[in-house]
Amino acid sequence: MAIKKTTEIKPGAYEDAILGFRNHWYPGFKSDEIPEGEFKTLVLLGENLLVKRIDGEVYAVQDACAHRGYKFSEQLECYTKNSITCPVHAFTYNLKNGELVTIPSDPDSSLIGKANLHSYPVQEVKGMVFIFVGDIDPPAPLIEDVPPGFLDDDLYLVPSVNVTCDCNWRIAADSGFDPNHIFMHKDNEMLDFLKFPFPIASKIKGDDPFEEIEVVETEGGPKGLLDDLNETIPVYEHTFECDGEVGTMKSMFPPDPEGMAAQGFGSITGSLWLPGCLHVDPFPVPGMCHFEWWVPVDETTHRYMITYGKRTTDAEEREQFKQEVENVWYQQGYENFNRYDTILNNGMQETYGDQNYLYGQREVLAKTDGYTLSWRRLASKHNRGIQTRYGKK
Amino acid sequence: MAIKKTTEIKPGAYEDAILGFRNHWYPGFKSDEIPEGEFKTLVLLGENLLVKRIDGEVYAVQDACAHRGYKFSEQLECYTKNSITCPVHAFTYNLKNGELVTIPSDPDSSLIGKANLHSYPVQEVKGMVFIFVGDIDPPAPLIEDVPPGFLDDDLYLVPSVNVTCDCNWRIAADSGFDPNHIFMHKDNEMLDFLKFPFPIASKIKGDDPFEEIEVVETEGGPKGLLDDLNETIPVYEHTFECDGEVGTMKSMFPPDPEGMAAQGFGSITGSLWLPGCLHVDPFPVPGMCHFEWWVPVDETTHRYMITYGKRTTDAEEREQFKQEVENVWYQQGYENFNRYDTILNNGMQETYGDQNYLYGQREVLAKTDGYTLSWRRLASKHNRGIQTRYGKK
Amino acid sequence: MAIKKTTEIKPGAYEDAILGFRNHWYPGFKSDEIPEGEFKTLVLLGENLLVKRIDGEVYAVQDACAHRGYKFSEQLECYTKNSITCPVHAFTYNLKNGELVTIPSDPDSSLIGKANLHSYPVQEVKGMVFIFVGDIDPPAPLIEDVPPGFLDDDLYLVPSVNVTCDCNWRIAADSGFDPNHIFMHKDNEMLDFLKFPFPIASKIKGDDPFEEIEVVETEGGPKGLLDDLNETIPVYEHTFECDGEVGTMKSMFPPDPEGMAAQGFGSITGSLWLPGCLHVDPFPVPGMCHFEWWVPVDETTHRYMITYGKRTTDAEEREQFKQEVENVWYQQGYENFNRYDTILNNGMQETYGDQNYLYGQREVLAKTDGYTLSWRRLASKHNRGIQTRYGKK
């Protein structure tokens, strides 16, 4: 457990955020992963959480007794639906707020109501359970930690993916916004399914790698970066010569701007938001948008979540879209496309796992890494603190 | 191997005793686990031991050649029953005292009789093999490291359990004497077997959590704590309210003081002794007593041993008691009761495994933890040194 | 990856060389382990290498993209036979020299030709692929890192063994030259096959354990130690007394100097060469010689390689010897003899794995360890630097 009691907000360096940024909201589950009355566990930024839905609402407390540290989830014991009892000495806590409710051997103890579990603020929106990991009270508004428009009433969202990946969350975040990691997708089955002429690279128009990136840092709103992906020059084929041999890399399909426009693709906008969410709109097809999160689990693991969105308030259209996500886009969008991001990202963990490698000491960044650098700068400036293991710097 | 040569006795803090206390006697085996002539290995306080019974007596030496560190147990080689030969360079040692006996390539070496293995003092009593881990020579008398009366002639003992547990030895020791960990036993099958009205908690009568605990620190005798378990107020049922819900915890059977007395239960005394032994008398039934040890293996593992005792010098009664332990009490006392201690203790290891958590920094101790605190104080005051890894503080 | 850029040669202490000595040539593979066009990976002194044979020549580069560290071998991607392309951003490198050849998103980048992979010098000789791990440029001549005569035209070599062992390379190197580790071989099946009267120990004739060892440190040549194994007094039987018991160790066959001479065995010479190669000549039989290497992989692992040699330039004799190695000596020389070295060496890793144990602090060296000490001194004096993990001392 890593709970420090402080309410001060001190942004820290991205390089130090191996466990993520503290005092932010993170998606913990898709709503349908937490049925009424079942306990779930979750590791978030290195902390162990015990989670339960009670009368429809989701609550989360630290998964360790405040008395002597017993991990509740090892042997769950309950005498009411809204409490958890430690099986060792019967210390009993209110799951809704973490308060110590009773100690059978000392019912009048002055600890009652004081030796409480840390209770994590929870907000369930858009079919997702967001959890605030931090100390500031009240927590920051959720609207500041999700992409603009995410909470709009007319945006219907269908959470689709929640998987664990074997690399630090920053490796994924560094590549999420980077317009040239698209090279890795060039053979993905989804492109064939959509007959999508997907470029293998994107050239920056001018000389300034930061020029096209819009930094959003409005007071009281989410902090992020915006990029019109059509502002770069797409590359569909590239030939090179190496020591007398000639090699050619190319897209699955040649460029077809008219075809794309006819399908309804105008400009595609990518944007990246603290504490770690990518929004691509439209994607994978016109009329749909895509959100993905990289949620820190521990030093070498993160969870990858995807939700798909459509702007409609019509109930029937919503139901139809839900079916479509389940029947088509989970397979095409995740299995046949974004799953490759997670595989390739894992291939950078061994190198980045050496903390000395990180961030400028041994990387050789190129012109197109302006995107990644912009993200690291924004994240370093606007985060609300660095998560650390208890007792460690 | 972790052998430091010093004869000074310097008690250290319980908080630092992650590998146990040095210069004490620990039970290593039940006697029947070491048949004549067979080598056994043992890890005790982080040290590797090689153990053999020769002509009836048990001997223990370090399991690493003094010359170049080969671990003998990897490939045992012997040319006499009382020696061990390193298979690499044939350095040959006397198992009874660790002395270097011969080097075939240099039979007149000045190392003979000097480059010896550490030889661990061993005493086999009451069907158990006690081993002294330390440097002081001669070792402390065994009688100072076992509960009072343990060596009495009329006390017949039947060693019953020797198992490895996945938590530091102190987690077990902290709970062994603690009268409120009994909550964890409330559903244990043994209580049903005995129709035993076992309380779920014990209230302290006054306000002073240390009042009822008798500290025993007689010069030349074992150091420990004594408690008459009947001095506390037993709780058989406890009801609480949490946010409108009412919960009730209760014992398997209602209290029945007359019934207990009729069975022969008067007062039950628990006592806890350095370096880590609990004595409960009578237990589990009148006429029997129970000893248990928590023996440090390494930082995250200990061995749990139980022996059952009965005061009788009659040979037939002894044989009958031995059968009873094997046929009834191993199952009822260990499998159906104390095994649950070991399971629950393991559930605290993740929290206590973080050394920063330990001992006052993040624990929230309650009134009834006076027992645990008394033990930690006594142990810190009367141990004969802290065990450390070689070359580490 | 552990690449430091420096060209200075600073010999370091053997005690510090847990990852081996930098700026030396090491055998990486037997030639037949690298067929044309197949990628192979290799860990050498803690560094990850990507290896490929192109048009007959073997090349090796660092197995991590210079841009963002992706480990190429996780998903190999190539557009020409002589290049490697990172699947993440398409940075493409020349495998022959490590040069960055192209970046599709920025083909005119100033990084081209500059943000290169480390390219390891490779020399394939005598059926073995030697790789230089270091920074000095040009690398030291290979002839300085192999035993004298190894590259002679009339010496025909048949590489036979390349296996991984679970101990640090120094444990193997310390014992390779040591004339008393032969005790471990006394029951080996090869001795029975050859009816070889192999001693169980070797006594030094005089009092000076260093007297018989010839140190070779000629400028511009390999640095090593030479020993005529017949200069010591062989021991075929040794009797000792331990506490009233008498033990006898003896060779499989009694000494038979005439028989040995009749078989063609004169003197056998053992020699040990930086960075870690043993040469025994003749061995296992007259007319043959044996080379073995201990190649550092990481802190707790090394590779063990054996090649057998015969002096002949006759093509038919060479082919016949190759068959003989494959049909007889792999089984007899390795499986039935030297494999036991690797097993016994692993039994010292637990002790030597504690760095505090190493080298004089807790070893108790005997007279016959002059061989081992001479090797450590020579190695400490003539190595070209200590290998360290990147960013660590």
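Lettered A, B and C in written order, each chain numbered from 1.
As a working rule, contacts are C-beta pairs under 8 Å (C-beta built on N, C-alpha and C of every residue); 3 or more make two chains touch, one makes a residue touch a chain.
Here the structure is a predicted model, which is why all the values come from computation and not from measurement.
Chain A and chain C are the same sequence; what rotation (0 to 180°, nearest 5) superposes their CA atoms?
120
At the interface of chain B with chain C, does the proportion of residue numbers present on both copies reach over half, so same, or stay under half, so different?
Interface between chain B and chain C is built from largely different residues.
Once you find the CA centre of chain B and the CA centre of chain C, what distance in Å lies between them?
48
Which chain A residues touch at least two other chains?
Within chain A, no residue contacts more than one other chain.
Residue numbers of chain C touching chain B in their complex, please.
These residues of chain C touch chain B: 174-175, 178-181, 183-184, 200-204, 235, 238, 240-243, 245-249, 343-344, 346-348, 350-352, 354-357, 361-368.
Under the stated contact criterion, what part of chain C meets chain A in this complex?
Contact set of chain C toward chain A: 1, 48, 64, 66-71, 74-75, 78-83, 85, 87-92, 94, 96, 101-107, 109, 111, 115, 389-392.
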